[in-house]
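Which chain is which? They are A, B, C and D, in the order written, and residues in each are numbered from 1.
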Amino acid sequence: MKNINLEKILSQISEEIHPFFGKGKVADYIPALASVDPKKFGMAITTVHGDEFVIGDADEPFSIQSISKVFMLTLAMQKYGEKLWERLGREPSGNRFNSLVQLEYEHGRPRNPFINAGALVVTDAVMDETDNALEELLRFVRTLANRQEIDIDMNVAESEREHGYRNAALANFLKSYNNLHNNPDDVLSVYFQQCALRMSCRDLSRSFLHLAHGGVSPITKEQVVHYRVAKRINAIMQTCGLYNSVGDFAYLVGLPGKSGVGGGIVAVMPGELSVAVWSPELNESGNSVCGMKALELFTTYTQRSIF
Amino acid sequence: MKNINLEKILSQISEEIHPFFGKGKVADYIPALASVDPKKFGMAITTVHGDEFVIGDADEPFSIQSISKVFMLTLAMQKYGEKLWERLGREPSGNRFNSLVQLEYEHGRPRNPFINAGALVVTDAVMDETDNALEELLRFVRTLANRQEIDIDMNVAESEREHGYRNAALANFLKSYNNLHNNPDDVLSVYFQQCALRMSCRDLSRSFLHLAHGGVSPITKEQVVHYRVAKRINAIMQTCGLYNSVGDFAYLVGLPGKSGVGGGIVAVMPGELSVAVWSPELNESGNSVCGMKALELFTTYTQRSIF
Amino acid sequence: MKNINLEKILSQISEEIHPFFGKGKVADYIPALASVDPKKFGMAITTVHGDEFVIGDADEPFSIQSISKVFMLTLAMQKYGEKLWERLGREPSGNRFNSLVQLEYEHGRPRNPFINAGALVVTDAVMDETDNALEELLRFVRTLANRQEIDIDMNVAESEREHGYRNAALANFLKSYNNLHNNPDDVLSVYFQQCALRMSCRDLSRSFLHLAHGGVSPITKEQVVHYRVAKRINAIMQTCGLYNSVGDFAYLVGLPGKSGVGGGIVAVMPGELSVAVWSPELNESGNSVCGMKALELFTTYTQRSIF
Amino acid sequence: MKNINLEKILSQISEEIHPFFGKGKVADYIPALASVDPKKFGMAITTVHGDEFVIGDADEPFSIQSISKVFMLTLAMQKYGEKLWERLGREPSGNRFNSLVQLEYEHGRPRNPFINAGALVVTDAVMDETDNALEELLRFVRTLANRQEIDIDMNVAESEREHGYRNAALANFLKSYNNLHNNPDDVLSVYFQQCALRMSCRDLSRSFLHLAHGGVSPITKEQVVHYRVAKRINAIMQTCGLYNSVGDFAYLVGLPGKSGVGGGIVAVMPGELSVAVWSPELNESGNSVCGMKALELFTTYTQRSIF
């Protein structure tokens, strides 16, 4: 990224994003999410050389929700490798993200690890191989982001559980196909907590940086995952990471990424950097309106994308 | 039914049914059902004049399973009348009996009271209006059949619960659409017990007789339901009572009826009689092979059907 | 029907139907249907003893549309008997009447003869066994109704063809599954013409009378179809005849019947009579609003139904 | 691609591919495709510097089938720009490539330009803006590949038409939603011909090279499409180009690409090269078995992918 002034680009985006506030809707299916200030906007970039650029509310933790699925998938791939795919697919779903329809037509085998059904299977798989999946996840994320204070918002987790009948349906449905090894309630408990992880844009950008750097974290200098696994997680994010807007995100942004209904989106520019953005107002697909736009502007101004 | 020798017809059917044994498969999703003797065959007729004709294992109680849905529906219609239909439909489903697909497309409103989702809503509705839905059901059925020994097979109920992840998925799914008022686990508990009712062909035939007699039980002489409600329950059985073989049953038998995966089928000949048959081997639709055939022969030999 | 004054009942219905005008919408997908006077209302009853009762516009011919499917099905059953069911089913569809979805899931085998896909297969089957399916149909209907003037409205047929892309899709789709023997365009041509038959309520009531009389027409004294076939056609009408309102029609009316988007409905009271009603305004399911209501009142006042 | 010996890599792939012959099945839905030699294997690489590397049957023309959809999409984007997306989407389909189901659920708006329904809409759009869409397509492709002999195999086109009832269903279905402006038969005629284009691996590699080079063809030195359009076509290929194996292709190969049932696959390595491979045996998704494997080996040995 020589000759590109990332600081200037961030401040430019931060200004141009203004007209897009008010065009989406904060997730309101649980009170703990609904109460967030809709005007929040933060963005953080970490380059593979270790430089960091932030703007706005980049250091304010928020509920990362589905972005946590990437972390759990990484743990599962570390433990199982290619064997993981015996239990789920890695094709885009072409349907809304928590659809039972597809699961029924495909006999209990979720299409990919980022739809809720697939994420439940991934969590169940990690639970099979560790005493405390949640603790392992926390340790993993804290190390990646280099911040020990990262934690679960138990208020959100509890609230998710109280309103999570659809996920409870999914878990029981998976169990009816013998594609859940643990008790559905136990898997749901871990799942709701992992989704309730609170992290900032800076945390997220840091903890995805190894995916832009052949699996090695420039922060910890450790090989988080094998070079090939990093590429593959990027590939899965690219084809399945943005709910029902995978095509739009590829078309407009052109980077592998993962979004959450908390309003966060993280994206990876292989060989260069990772970038996280947060703005709580969502479009109809459940992706942050300003987050999508900010990343579109980002690849426009940097003139870089994977395509 | 003057000039028709029902006793002779029963014994004729009982003989002609022999070649059809071995053509189906006993329900085996729970051990308690799988252990039943596949060669069982019983049939009982009760006429509106109070005559009873039985053959074979007509007095041996078996698990009535989905047939119980008619009893619970009757209680719900007594309590709610037409208001019941605000929560579910009464159209044939055109799909297999526990499909979540349809429920999703129709936003949590089950198509009819005899698919599992609809039956859960009906049970939930009855629970809303009584302290102990199960006790009320038992009292109701015992009175109709005039046999106080009718009871729930707790072994079967427990077994259903342990293997009932798909029903648990349905209940949670309905709850996610706010179409379940009680706790999913509580509704499931009642539901699994109602399905585990043990009754004989004679019991069943008796307890459906009022549906052939304008809502009045010729046994108890009481008006069980209004004349119009009796007709309407018959209509719903006619269009939705035989899982995915509603058309076949109308085509081949031509009577309103309801089947269960325990191998029972009850049918109603309005103005004349009720008839129950039991034989545990099921076809692919989950209906008793010999039961279907026996009723086909029955309407052929009596030359009576609603058409 | 002793002691029942059908004439009086008709005039009572004719009055009570008034508040229901304006509650539906005339079919407008082709101009030839859209131009009909929405206030038309006619009703005709023919008893198995040959008595006829009519009211309103009972002698005005209208486009019978899907009602024609019963005639073509009758010809097909005469020619093929039970072999016909090798090519299609007889189960209610549980979906809107021209859905391609179901056809795809069931690999080109239509669910029943009254959804458009099934009717195309039935027409194709009749075409296989005769030189001129349309002429045979006309001859058949003219004889049943005892009126030689019954004819096809070529204006409607032409209009259907011009707007019939969805039916053309169905025909080509069936052909792709090898479930159409003739050229799709040829089948469509016959199909659009059969649907464009113009008949009055009196014509329709007469031509369904044999279905209430064991297959023998009291008018021509001929055995139109075998006693058993008559019952079976009634059974199919009962479970599949009213588009997506099969359950409602059973619940509210309680007779086997068939409707068309021209606003006609014919129903059969086995052993007693046939009845036809016409009123062009349709509900969301494509059934005549006043026609449904008139038949509901009819079975309420006669206190007769198959249940 | 300095320091990478592409010639050597090609010959290595060519050897390692042997065990994968016989693991797929040549497309046999039309005789003209079924007769091809299943053992054919060719591969061609064109770098943005104009270097070409070929191996095997790289100069033998074959039926490119769905790969033609990229050319027609390019013409449509030249003519309409972003307005094109008013008529279709650009999201992966999550279903098999010619499903009518999805089209029905989405009211006649195809999910993306590479499923058959979407390709028909794209062809229709191009037809709207030119006198002879097919001639324009031919001119375009011949220029890109710099070979005037490229032509349509009328034998294949004719054969497709004779067996193309499912595509005829799609075209009529689209027309029923008013999402086809021209006569369905006319659109089908162009469509079947475009799919019957015969090109070699070398032709294909050359004619995709501008997509690896910011829209400028290094061969003709002309700006074929705007830099941004090139990126966007790559994005659409990435998310929708491999039928039902989009996820697998991203995971295993990691390049934007497009396949056809003739056994060809073309892929683009942005900034570097384009690569085409041909081998007629297909896997269950309709993609060339050896083609997929060859490209997987290619990105493994070059250690390059977009991720």
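Here is the rule we use: a residue touches a chain if its C-beta (ideal position, glycine included) is under 8 Å from a C-beta of that chain, and two chains touch if they have at least 3 such contacts.
On a predicted model such as this, the values are computed, not experimentally measured, just so you know.
A.B. asks: Counting C-beta pairs in contact, does C-D beat A-D or the other way around?
C.D. replies: Spelling it out, more C-beta pairs touch across A-D than across the other pair.
A.B. asks: Once you find the CA centre of subunit A and the CA centre of subunit C, what distance in Å lies between them?
C.D. replies: 55
A.B. asks: Whole-Å distance, subunit A centre to subunit D centre, using C-alpha means?
C.D. replies: Centre separation, subunit A to subunit D: 32 Å.
A.B. asks: Could you give the separation in Å between the centres of subunit C and subunit D, each centre being the mean of its C-alpha atoms?
C.D. replies: Their C-alpha centroids are separated by 48 Å.
A.B. asks: Where does subunit B touch two or more other chains at once, residue-wise?
C.D. replies: Within subunit B, no residue touches at least two other chains.
A.B. asks: Examine which chains touch each other and state the graph shape they make (line, ring, star, complete, other).
C.D. replies: Drawn as a graph, the chains make one closed cycle, so a ring.
A.B. asks: Go ahead and list every pair of chains that touch.
C.D. replies: Touching chain pairs, listed by label, are A-B, A-D, B-C, C-D.
A.B. asks: Please name which positions on subunit A make contact with subunit B in the complex.
C.D. replies: Touching subunit B from subunit A are residues 99-101, 104-105, 165-166, 168-173, 175-176, 184.
A.B. asks: State the interface residues of subunit B toward subunit C in the complex, per the touch definition above.
C.D. replies: By the definition above, subunit B touches subunit C via 89-95, 102, 111-112, 230-232, 234-236, 238-240, 244-248, 250-251, 254, 256, 270, 305-307.
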